[in-house]
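Labels for the chains are A, B, C and D, by order of writing; each one numbers its residues from 1.
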Amino acid sequence: MVMILKERVIENRIMGDPIQMLYKMVISGQAAQTATPGQFVHLQVADSNEPLLRRPLSIAGIDKNTEEVTIYYKVIGKGTELLTRIKENEYISVLGPLGTGFTVPDSGELLLVAGGIGIFPLLSLIQAVDKEKVKLKLLWGGENKQFIESAGLIDIEKMGVNLDMSTLDGSLGTKGLVTDLLESYLGDNTDTIAKPKDNGKQNLRVATCGPKGMLQAVTKICLGHNVPVEVSLEERMACGIGACLGCVCTVKDLEGNLKRKRVCKEGPVMDGKEVVWDE
Amino acid sequence: MSKVSMAIQMSGLSLRNPIITSSGTYGFGEEYSPFCSPSLLGGITVKGITPLPRLGNPVPRLAETPAGLLNSVGLENPGLEGFIRSYLPKLVELDTSVIVNISGFSIEDYAHLASAFQNDSGIAALEVNISCPNIKHGGMAFGTHPESAQEVIAIVRKNTDLPIIAKLSPNVTDIVEMARAVERGGADIISLINTLLGMSIDVKSQKPILANKMGGLSGPAVRPIAVRMVYQVYEAVDIPIVGMGGISTWQDAVEFMLAGASAVSIGTANFINPIAPVDILTGLENYCQQRGYGSVQEIVGLAHQR
Amino acid sequence: MSKVSMAIQMSGLSLRNPIITSSGTYGFGEEYSPFCSPSLLGGITVKGITPLPRLGNPVPRLAETPAGLLNSVGLENPGLEGFIRSYLPKLVELDTSVIVNISGFSIEDYAHLASAFQNDSGIAALEVNISCPNIKHGGMAFGTHPESAQEVIAIVRKNTDLPIIAKLSPNVTDIVEMARAVERGGADIISLINTLLGMSIDVKSQKPILANKMGGLSGPAVRPIAVRMVYQVYEAVDIPIVGMGGISTWQDAVEFMLAGASAVSIGTANFINPIAPVDILTGLENYCQQRGYGSVQEIVGLAHQR
Amino acid sequence: MVMILKERVIENRIMGDPIQMLYKMVISGQAAQTATPGQFVHLQVADSNEPLLRRPLSIAGIDKNTEEVTIYYKVIGKGTELLTRIKENEYISVLGPLGTGFTVPDSGELLLVAGGIGIFPLLSLIQAVDKEKVKLKLLWGGENKQFIESAGLIDIEKMGVNLDMSTLDGSLGTKGLVTDLLESYLGDNTDTIAKPKDNGKQNLRVATCGPKGMLQAVTKICLGHNVPVEVSLEERMACGIGACLGCVCTVKDLEGNLKRKRVCKEGPVMDGKEVVWDE
């Protein structure tokens, strides 16, 4: 159930290297009860008209017992800057959980491909997947070592995820793009990949989040290998609940007709195959 | 304290209370139901419908400005048939007055749209959005030309027996002239304002933020312009007014009613506070009660005294 | 890093840099001198001058709105003679380009005002405020009627050899039509926008806040409307543009220049930050430098590419 | 010299009964150096556009040694509410000192007439007057006892000011209006009052601040008794320095011509005699 509530912020702190401007916020409240991986919350960051709109942030962690959701955010403008000013035990207006999240597989292999802060929504998926039944692998590309460490590398390693990294400057993992990692991974793992006529036997799936260009490249690579891929999209949002049509993404249906889907409602997670990337 | 009567009678349109939600900001009535029961509202106005389905404009469709929002949705909608098939049945089940907003690109479009909605369609009124370009006449918006506006309303009048709300564009030199034109055309009610044409440019990419370059400005920033127009129109016409443009608090709603609006419509504010309409209604009722008004209708136009 | 050339040439008007201050917000140049040396500015524009002294409107003359300011000063000014006697001598001593803003209520007013200022008066240009009502023709503002606007500019053209800046009113259906009219009339430069007509009502007293009821809206709230108009006018005319309306940061100034303004003017922002013009100038210069422009003129109109 | 500076707030606290919403703020900085009684500072209360404008507040105390100015304010809207949130040692943008203040007499008698929070600008005058040379008397009217006590009664008594009070409900001092106090004071003190032809012998002056209606009444009473009166006016302000003409007050010159003066520049203190009250 979607709700709008004043929820208590129980943690709000900068993570790692201050230059990265990455923050972790834990919010106590009912949003945790029904949240699923890949959904987001729409937060009111100001009690004035500046900025006017709420800010969408992915749910990165869900704890139904303690009723807590965790979000991670990077400061990029006025809205996220105001978020950093919220003190522990202050209240914030939370609209959510919103949107349609990732498919959580219960068998086979799940490959996560993250670009930069695109790791955040994938964290909730890592948390939700039954690691006994599903083989989990994460490919993560970032600017440099400082970024990846600040964005929570140690915590991710603690979650027991098999992880390959790339950085633009080579300061951690392979030097290059995460799509390079993906190419070689899919090349090396042709056995788990479904063949064209292999319906129902597809035991490798990809879930990805990152900059739009990366998502497009990841989708292309995956579809080239006939691997199903779910992409978590971002778009400027106003209402966050499907009412304003501000956040659409274009999709092509089976008959080749163009349609719009709302990133906030039918998304943010979409089937990579149907997304029209260059409109 | 005695109860305030919140019902509003506007030439043919009776509303439970003066709080309506605005076209394009409230989807087709379902999206906000989890937060705000439609049965609490005076009415809801649905997204603008055109004869054929429209994909609307590419993204980005939104840009924030100081106390304002630019949008260029571009009238994305399922088209008349799609609307009647997929949305209307659920809408008419809602316990509120449903106002259908129609948009056309020619006089014929409006005639066609209007004829699809009658008193027995289960809706309360037709709102006619005249801010669209008239593609047969060089793309000039109907709503910026008194003769075209009058003509659109007259053809709608001919084709429906529902109450007609003519929705005015603020992008005009003389709003009073436009109001008089739609009154002549046969409008029962006037609503205003639609969005103001605006633009925002990204200094990094050096390009307009909106894919469509220009968009419609709404939100608190435009309120003083909207209040002024309601005030002017109130003095010039004899039909009731639905006021809108940047209403986000009950004080704003009172401001519009004092200026002459019989009802008010909430748009952009829903995006920030999904229960804004109810908050505003409560505040409006308290205001009337504390000042001893028996009916909310008593405050309409009070700012014109002296 | 090499220095950016900040000078701006606009048909007959050469400015040290593109930062001007707006009429009515900067007094007669003295008030802000303690904070902001005029020698740092491209130019300053003085309060609108009318042929006779005017007391202006009663107070309250100011009302705040979301990210905006309503004012109804009502052209209070010492009149042409008083201005020339008491203010002009000090103004021409300032180490900056002085632009005199003139306002009339008839064609004759403008002719009279224009003839008082010539190339040898020590000022840099005349800005013609055409947003005033034409009292001989039913009070319709010159600036909302293309023929009247053209006529005003033409008579000013006849009576002065100074560069003429035609200042457009945004309260029009078609800003492009107005821009073309003043270009035809002989304007060398166009400045826009003047204030948007607005109103604010006090829910306690149930009356308009401004004694004059309506006033002009300025400040950040109007910026998207102003940017849109600059963008449109840039595509329609061949003369340069001075952009204004809600500029308070260097990013805002860049936005206007990308839209097509050769220079920008700072109004309401001075009230909040008396050194806003210098802050903006510094930011603008850095922007150009970081992006490798040799001259600030290179960014003018860039948002129109593709 | 007028300046615009980021000054440090060294005290900002509520005074007395919380319902009165009266605050005291002490700002450390250069505004104190040149401030004179009756001037004001123009404070930036928000770092956003809401509210857009600065807020004018009278300088109630000036300490040139410690370089501190004291202001007192009542919370009435968004701007003053934001002021209360400023913490000690935070900085605030101060434009000032601004305007033209009170005449500070160096002999004779000075009668101060304050209505409600109109006491605040008069405090700087009390502070400045040489109480050895000038006979000082304060008439102060307020809503009730709680208000007057919260607005700093004890401090004022400590300054050794001869004080008469009135309250609307009679909970302190005389029941009624401060103008009643004024009427009877002037009636009882006809000896210190200059006679019509008595030029130069006027040894009683009045300085007053309060709601506009009260100022008008005080002026009328004073002029009726031929006592010169200075009134401190309030008007909505934008620039605060005389540039926008937003804050004018109408005056009548000796020839009876109407003129405008700027409350922020020629005022806020004006000669009561020349103010046109009912325009």
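The rule is short, and it goes like this: a contact is a pair of C-beta atoms (placed from the backbone, for glycine too) under 8 Å apart; a residue touches a chain by one contact, two chains touch by 3 or more.
Since this is a predicted model, take the numbers as computed values, not measurements.
> By label order, what chains touch chain C and chain D together?
Neighbours common to chain C and chain D are A, B.
> Which pair, A-C or A-B, has more C-beta contacts?
The greater number of contacts lies at A-B.
> Go ahead and note the Å separation of the Cα centroids belonging to chain B and chain D.
48
> Would you kindly tell me how far, in whole Å, the mean C-alpha position of chain B lies from that of chain A?
The mean C-alpha positions of chain A and chain B differ by 37 Å.
> Between chain B and chain C, what is the gap in Å from one C-alpha centre to the other?
About 34 Å, centre to centre.
> Name the residues of chain A that each touch 2 or more other chains.
Correct list: 49-50.
> Tell me, which residues of chain B touch at least two other chains?
63, 66-68, 219-221
> In their complex, what parts of chain C are in touch with chain D?
Contact set of chain C toward chain D: 24-27, 31-32, 34-35, 47, 55-56, 58-64, 66-69, 71, 73, 76, 219-221, 248, 268, 270-275.
> Hey, which residues of chain A end up touching chain B in the complex?
Residues in contact with chain B: 1-4, 44, 49-54, 93, 95, 235-250, 258-260, 265, 279.
> Residues of chain A touching chain C in their complex?
Going through chain A, the ones touching chain C are 49-50.
> Which residues, counting only chain C, touch chain B once they are in their complex?
For this pair, the touching residues of chain C are 63, 65-68, 70, 144, 171-174, 196-201, 203, 206-208, 213-214, 217, 219-225, 227-228, 231, 246, 251, 254-255, 258-259, 287, 299, 302-303, 305-306.
> Once bound in the complex, which stretches of chain C touch chain A?
Within the complex, chain C contacts chain A at residues 66-67.
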